[in-house]
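This is the structure I want to talk about, given as structure tokens.
Residue numbering begins at 1 within each chain, and the chains themselves are lettered A, B and C in the order written.
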């Protein structure tokens, strides 16, 4: 493998896009403030200068227009990256994503393709009720979409490169609080396949199944727990549709305990599906009920203390793990 | 019937292009084919051979036939769910079209789309879409790809007047105008969005005036006059192709059948429908051809006979075709990679 | 050629329609597409159009009648033709359609059958046990009732089974690892389609010996598992005693002569149940459960009565048997047995029991030994009452004798204690008037 360099999650994403744009003239980026501004999270910064406004296209604030036009362009043979500034605004474009992008291939009997990459950011930071939501389950629910949610710079670049080569629509969910996260990433092009989870930490006592930012919360908690001789295994799903179930099950067949840790709400959330499958598929290996730790079921308040209370953190994870091993 | 609304709006007048007798008779046959296809579809529906929703194009045939004749064969069409006429006008074989209605494996899209999702990519017919207005940004996106890849093609987006009240219409029009995309928006104004009359749903009764908000050339024409449709669309398509940006045409028409099957039609009287009969585009075209000495009753009857046979064969094909294999359930959801 | 006009489908949700009007009458010439009548559905009144041109030859469904979609409602014949075979209203064609082919069995996670779990104790309480612990226990032949759960809410978890295994290590069979002991992992959805059935027979039988196979009933499976568990985990030993039953039989005859009805009539077994229960009052250890590191004592005496039923054996429980009169025991036992045979047991009938009586006397069996019904500690196996020559005061006399064998769990009951219990039982049955004392 190529030499590894230390880069941020943000720059890893940018590098994947840059490489795709250099390789393939049909790749364009379209979205709000992706060009002159450089992206509100600075993920596309520099690309406008390098590739020009023809390929890095500032759009009106019109999410269904962005997704619809990107999907139509993809049907016309292009490979657009449509950036939705935050996942909250994807709700405006939901009809386009679900009824067009996800359905074009199947609804027309496989005669058309719409390989759009929809990049968007989850995350929060005193942004209150409408700008702090975790909607990955909404997309992961829909046949016809691929949904990924990387936790590290390595996975971010590798998965985005795979998305750029894919003939399927991909909902690529980043996390605003991970953009500054640094990690080792190979120089040059490499791919992380869809539907392959990654064991981010080996352990024997309990498995935490998680993804995106919560992987880091789980890792921190696991390091603390190790001091008390509790060894937690952490499975990073990376892809939410399709999910690499075998890696999840194999871990639980080893540890016999599972905690599903997510930043979205519990009811009908990703954790509901994951816990249900674990309960069924590894029933005979479980030594304790599958447990879940998720965002509390409240519209996120602005006040910093209340916001903090709403999410799982290291202390809550440790407490939960200990309770399950008691 | 035409009105200018903005500086760049042109006025569509009487046909300026001569058409040959051969073309005229071809149009007649295409309109008859659509009429008979729709009647057969309706009958098959009553027999439970066709399921779901069925939106018939009877009374509007002149628009699809005239517009398709005015485009290049590789211009890309996106339509609403009243899409059978557009697919047939594009020259798609009625057999796979009828088989699609029957939900058979030999259908246009393997029985996975049905009435509302007719498509044939090789005919540059990108399909009927069933969420009102949902396909408008797709057409703009297709036009974007033509512009970006410097293709000599335009996108042609057909919608009902009801779709002009939805947000996607405005987002797509704005982006198309902003980027001067090669796309023509054709509004088929059949007077009713389902059962709600235009003036009860739209603040602007003249739909084409909405284009002026985006400085988009637009006009309104009598959609049941096939020659007028042909010449107007040709003019607007040419302008879009030559880089003048998006264009809009509003074609006035009337749907003789209900919105879909089982429509109680409480929103209009039978008298109203009957009063519209003289305006039936197929009858008008027959009369015109007879006036011009290009056709007589015998020729018309002969043409109908030919079309009836074609439709009967399509029905037989659909009847005889197998249903999709159960294994098809899990195909085409994602591209295999 | 005649064409049936059928009740049209006017929507995917329409199943039937009413003819609300016939515009034309029989004999009228009609054009194709001509409106000849009106159909009323739940949602609308719609025109009925003639599907072909011709003559309206028959009207099969009159105004006001409702028929299913696709039912012929009229007949149109080509001009000048008569109807050859009158079409009669037939069942809708749709009804004759074969059911849709089954979808491939993909992706439905709950497709395979899970195995039965032994998580209900004999006293009817649910034993809280993790699936993993349950699997290990099953593989090791451990009675879950013998384990003490240290997990949340007293749940038996892996460590409890392992701790137990260590204590019983000497006699334990070679231990398999939990992963091996656990059932086959469920095949992944994709594999479901291709996986061959897994043989469940423990040993292969030469094919020529197999005359046929009969799947075990649920009850049989439970009996098999429970008895195997009992016999392999409980250290049984057996004590047999002869009981002179002449007095008991006499008392029974007297009481039955006074019985108001058949239900009140006493069986020999009723006397034995009553005697066992009353004797247990003096022997709390025989009435206890073994719970790993402690005895679970009971202040009730519930006697299970083995009842043979079709394809198996049930032990419905007579609650508080020591406090019941003979008449009550007679009546209630008959009801219990009837419910068991009719498969209509009530939840209470299932237990919990603290002692069991199994009687094969009616089959002429002299004596036998029974397998303990866990988690109970003892069971009494009763043979037939027989007239035999006995020596009493150096005289040979004829007496009615019954042999009773007590199986006991040696972990709780030692030989002396078991013997004392049997002696007390014998004393009571041989002086049965004491059974009539106020209880």
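Operating definition for what follows: contacts are C-beta pairs under 8 Å (C-beta built on N, C-alpha and C of every residue); 3 or more make two chains touch, one makes a residue touch a chain.
This one's a predicted model, so the numbers in the text were calculated from it and none came from an experiment.
Enquirer: Per-chain C-alpha centres versus the global one: which chain is nearest?
Expert: Of the chains present, the most centrally placed is A.
Enquirer: Check A-C against A-B and say which one is joined by more contacting C-beta pairs.
Expert: Pair with the higher count of C-beta contacts: A-B.
Enquirer: Quick check: how many Å separate the C-alpha centres of chain B and chain C?
Expert: 65
Enquirer: Where the CA atoms of chain A average out and where those of chain C average out, how many Å apart are those spots?
Expert: The mean C-alpha positions of chain A and chain C differ by 49 Å.
Enquirer: What is the distance in Å between the mean C-alpha positions of chain A and chain B?
Expert: Centre-to-centre distance between chain A and chain B: 41 Å.
Enquirer: Within their complex, state which residues of chain B touch chain C.
Expert: Contacts found on chain B: 39, 43, 45-48, 51-53, 258, 260-265, 326-327, 329-330.
Enquirer: In the complex, go through chain C and note every residue touching chain B.
Expert: Touch list, chain C to chain B: 6, 8-12, 14, 33, 41, 43-46, 51, 69-70, 93-94, 101-104, 106.
Enquirer: Using the touch rule from the top, collect the residues of chain A that touch chain C in their complex.
Expert: Contacts found on chain A: 245-246, 249, 253, 256, 276-277, 280-288, 323, 326.
Enquirer: What residues on chain C touch chain A, complex-wise?
Expert: For this pair, the touching residues of chain C are 109-110, 114, 130-133, 135, 151-152, 155, 157-158, 179, 182-183, 185-186, 188.
Enquirer: For chain B, which residues are in contact with chain A within the complex?
Expert: Chain B residues touching chain A: 76, 78, 107-113, 117, 119-121, 126-127, 129-131, 134-146, 148-149, 155, 167-168, 171-172, 174-175, 178, 331-335, 337.
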